[in-house]
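Here subunit A shows up in two complexes: once beside subunit B, once beside subunit C.
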Partner chain A sequence: MTKRMRNVAISGIGQTRHRGHREDVNMVELVSEAVEAVLEDSKMDLKDIDCIVHGNMELFEGVHQPDMWHVLGDGAYGKAGFRITTGGTTGATIVCSADHLVASGMYDSVLAIGWEKQEEGMTTTGITNMADPLWEREIQTGAITGTHGVMMMNKFGEPANQAAAEFRVLMADNARKNYKAHLRIEITRKDVLASRVLAWPLRLLHMCPESNGACAILFVSEKLAKKLPQKPVWMHDHVTVHRQETFDLVNMGDLDTHGEAARVLYARNGILDPMKQVGVFEMYDPQSWWALDWLGKFLMLENGEQIEMILNGDFAIDGKFPVNPSGGVVSSNPIGATAIIRVAEAALQIRGNAGEHQVPKDVNLAMSTGFGGTFWTVLHLLGAEKPDK
Partner chain B sequence: MGTKTDKQGREIVEIRYEMAIPGTFATGPIMGHMLNKLKDKELWGNRCGKCQNVLFPPKIVCPKCFEEPTEWVKLDDWGYIATFDVVHFPTINPLTGIMREVPYTTLIVALPNGGGFFHFCLENDPEKLAPGKKVIPVWKDKREGRPSDLEGWVLEEGQ
Partner chain C sequence: MYTTDKLPLDQKDCFGKFGLMSIPYRYFAGLFLSEAMIALRDDKKILGAKCEKCDKVYVPPRSRCEKDFSKITELVEVGPEGTVEEITVVNYEEEYFKKFCSMLDPPYTMALIKLDGASTKLLHRIPGDKIKRGDRVKPKWAADDKREAMITDIEYFEKV
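Right after this comes the complex of A and B.
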């Protein structure tokens, strides 16, 4: 594990029900729903929280420094506050930041909040504005890309096509068990493969929705965790890797930021066999073709073994290695909240009170990831026991 | 101000507006040199003196060696397809605010002497496209020193 000044625990989790339409509330009210939920879950009084870390993708709604506006909804009035905005990884980076703020001894309690109200604004316009304005902005078309699918098809052929579709079906099956998920649809592999092409071989049902939602997690010191009622989930480690400006566009395999993050995390934490040692994995899967490729990268499967595993049902809630019992990002994607939801869901699985989508076993270690536009990976490791034990 | 109702028939009050943000971006001397040369239908990259890689678009340092490139290189006006994306889902062009017509295709052009870059491909049939096929640029008549001076890339005849 990495060097820690002191242990940090997750002692509270709150989420909205993620939806395509939330015209009934404004942004401040949406955020406050998650904050009220985390206070209820942790039994913590807002006045005892030291610091708020807040983040989303501000170009999506077009509100600059929304944390200023949200002060009355997120509870930040009179407290220390930080704003984090690192694209798709925002929610994951908020978690890194909150962890550091408590681990350093700076604060005993930090509330991390990620949120997005995608119906207010233009997501793709926001994404394309991240490309450099001197060359790529004129060409950039956002997250709707089939290039990974093209590469997987070239390498593995039709089994890859079947596995990407089957993984989407699994996510839908899981999402139907999670009442907070946005898309809780009943679909078959055939439905996925018959849905319309967005960018071949990427189809509509492979792709995540645009959701509205917020998620808040309370991070506390060990001393405070012992006083709070929820079973603490301990932060073990996290790794961030990104390399937009330095990769070789021609050899796309070179941009394996996931594999690099996994290698570092496993080496630091004595993980030799992730599928044996880690109980559950909440992976940021914005589309099922990426999921298919990335499972291989995070799990160090060099020959496409994940294809067979998907078709075998190994990643199901009661399978050999459960992935995204929550239904994943293809079921709910309020982007600034999406990566913190992965951490929240991983923590719920360790606590054992995820509800209907709880995996049927004790989870000792869980991993979660975030991914964003600049080929940016954040990988978290959480545990039921303290990292120094 | 526009109004609508939710599923229960309750009135939803919203404020609607469109945002336009005009922008001007300084290119700096290196990108500026390359963009200026597009007016003459020429592609210029810069070469790292250490690894000899040609960078296009040109960069202030080589991303591999972190050394400053040492010379300008006029590139051949053809390349290979590295990968491509035939897009059927319309999105807004952030520079114009206008919805793109679909389908359209983006590609990564690999240059014969190293490097690669994103641009548009004027062929939308995925059956005709494949990594490794040779492509050539189509230039606009009126050029103003920006990436869209190139209409896009087409397959070289016989490809």
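Right after this comes the complex of A and C.
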């Protein structure tokens, strides 16, 4: 257990419907929708919120300091505020920050907002700037890579190919139950395997979309949580594991930050068998090949057991260990919001009111992850009971 | 010792790479504010957004009152005349601005103008360097076939 000055609860969750096109609203209006939704969900009065933590991807919409601009519509007027931008993990890091700000006693209520209006920018422009201008920038290809797929194919052969496709189908099945998801498509394993190759064995249907969306979560002190109507979801722990930024030092084929984050989190929280003790897992899966490998890393499966589990349907909403009942990142990816959506969805599952994609059991513990453009991991643990109980 | 205009880049051992970062973007105004942009283009009208709760009229318009978070649904016409509230005189040309933005020849005045009926100030420019705070100004509209629903549909403001 990590040391907490005091307990922190999630008492409100708000999301937009994530869409490929939102020409009807501007960035500020998109964020407003999520803020309006979280105020409605929590019944919190905006004037009682102490601090806003706001984040999205650097450079994606070409707007400098959007946190300042968005005061026009995110309710931050006159409040304390921070901007967080840590690549793909942005949404997850916002949650870490909001958790710290309440746990420390500094604020009683912090509103965390992650958002992206990806149709307005050029994703690759932002991402290419992470690479060294002399050695890497002219060569790298942005977000699309087949390295994990190649590694999995080398290790496990055709069953891996089938499992990656089957996991994509499961995400689509789940997304169709989640009306906020962007891609709610009806696909078969055959469709996935027949879709266009991007970087073998990565195919178009394995890859996440570019979405527009925002997600806001209200974090409050225990005292305040008792006064608010929603069942509180308690923050238990979070672990961030970084790797160096440059490609030569990142083990791209066999990413090691996920496993390290899981080892630390499990050790600190007495988790010996994650699939028994954790009820649901919202994993940041930018593409299904990564999902296939990362399930193994997070769940400590050393011999590719996840392949058979996928083919058995063990990760389905009503399966042994539900993963991404929301449909995951391959179904909705407004990047700056993507990782905070994982936390929101994990919390909804604990609250038990996720809607049609609610898992059919009581969830005591839930995990969620963020994955960054610079190859790092944020892993959260949330619970129905207070962490010190 | 070197200064910013004498970097030692002619020294063959100090390799430097020169790049240009291009950030393509599309910006959607949103349905509500699109009406104000289209009014500039089609009707030569400046619209502000009026908060029903506090009566504040935002120019440029916006769909939320920043103070009370209430949704704004009413657009009202403001100006076209206004009063100069803040100024700064521009005496230089900037290479990239000139390349990518429309620009007046220096010297010209950048001004915050409170249009009649507005609660907030609009940023625009006024030719010349003889403008004072409190001067009354009016828009100089771009020709009918040049307006494209942008703030530059008003080429500049000029003294009444």
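Criterion: the second predicted complex is superposed on the first by the 378 of 389 C-alpha atoms of A that agree within 3 Å, B and C clash if a C-alpha of one lies under 4 Å from a C-alpha of the other, contacts with A are read in each partner's own complex, and residues count from 1 in each chain.
In the analysis below, a residue touches a chain if its C-beta (ideal position, glycine included) is under 8 Å from a C-beta of that chain, and two chains touch if they have at least 3 such contacts.
Keep in mind that this is a model prediction, so the values were computed, not measured.
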> In the superposed arrangement, which partner chain does A:129 touch: subunit B (first), subunit C (second), both, or neither?
Replying inline: both
>> Quick check on the superposed pair: does A:62 touch subunit B, subunit C, both, or neither? Answer first, second, both or neither.
In response: both
>> Tell me the contact category for A:179 with respect to subunit B and subunit C: first, second, both or neither.
In response: neither
>> Once chain A of both complexes is superposed, is A:71 in touch with subunit B (first), subunit C (second), both, or neither?
In response: second
>> In the superposed model, which partner reaches more residues of subunit A, subunit B or subunit C?
In response: B
> Once the shared chain is lined up, is A:139 touching subunit B (first), subunit C (second), both, or neither of them?
Replying inline: first
> Looking at the overlay, what does A:199 touch: subunit B (first), subunit C (second), both, or neither?
Replying inline: first
> In the superposed arrangement, does A:150 touch subunit B (first), subunit C (second), both or neither?
Replying inline: first
> Touch check for A:22: first (subunit B), second (subunit C), both, or neither?
Replying inline: second
> Just which bits of subunit A does subunit B share with subunit C as contact spots?
Replying inline: 23-24, 62, 122, 125, 129, 133-134
>> Taking the touch rule as given, give the residues of subunit B at its contact with subunit A in the complex, in rising order.
In response: 4, 6, 10, 12, 14, 19, 23, 25, 27, 31, 35, 57, 59, 63-64, 82-89, 91-95, 100, 106, 108, 110, 115-120, 126, 131, 146-148
> In their shared complex, at which residues does subunit A touch subunit B?
Replying inline: 21, 23-24, 62, 122, 124-125, 128-129, 133-142, 144-147, 150-151, 154, 196-200, 245-250, 252
>> Looking at the complex, which residues from subunit C come into contact with subunit A?
In response: 17, 19, 21-33, 62-64, 66-67, 69
> Which residues, counting only subunit A, touch subunit C once they are in their complex?
Replying inline: 22-26, 28-29, 32, 35, 46, 59, 61-62, 71-73, 75, 77-78, 117, 119-122, 125, 129, 133-134
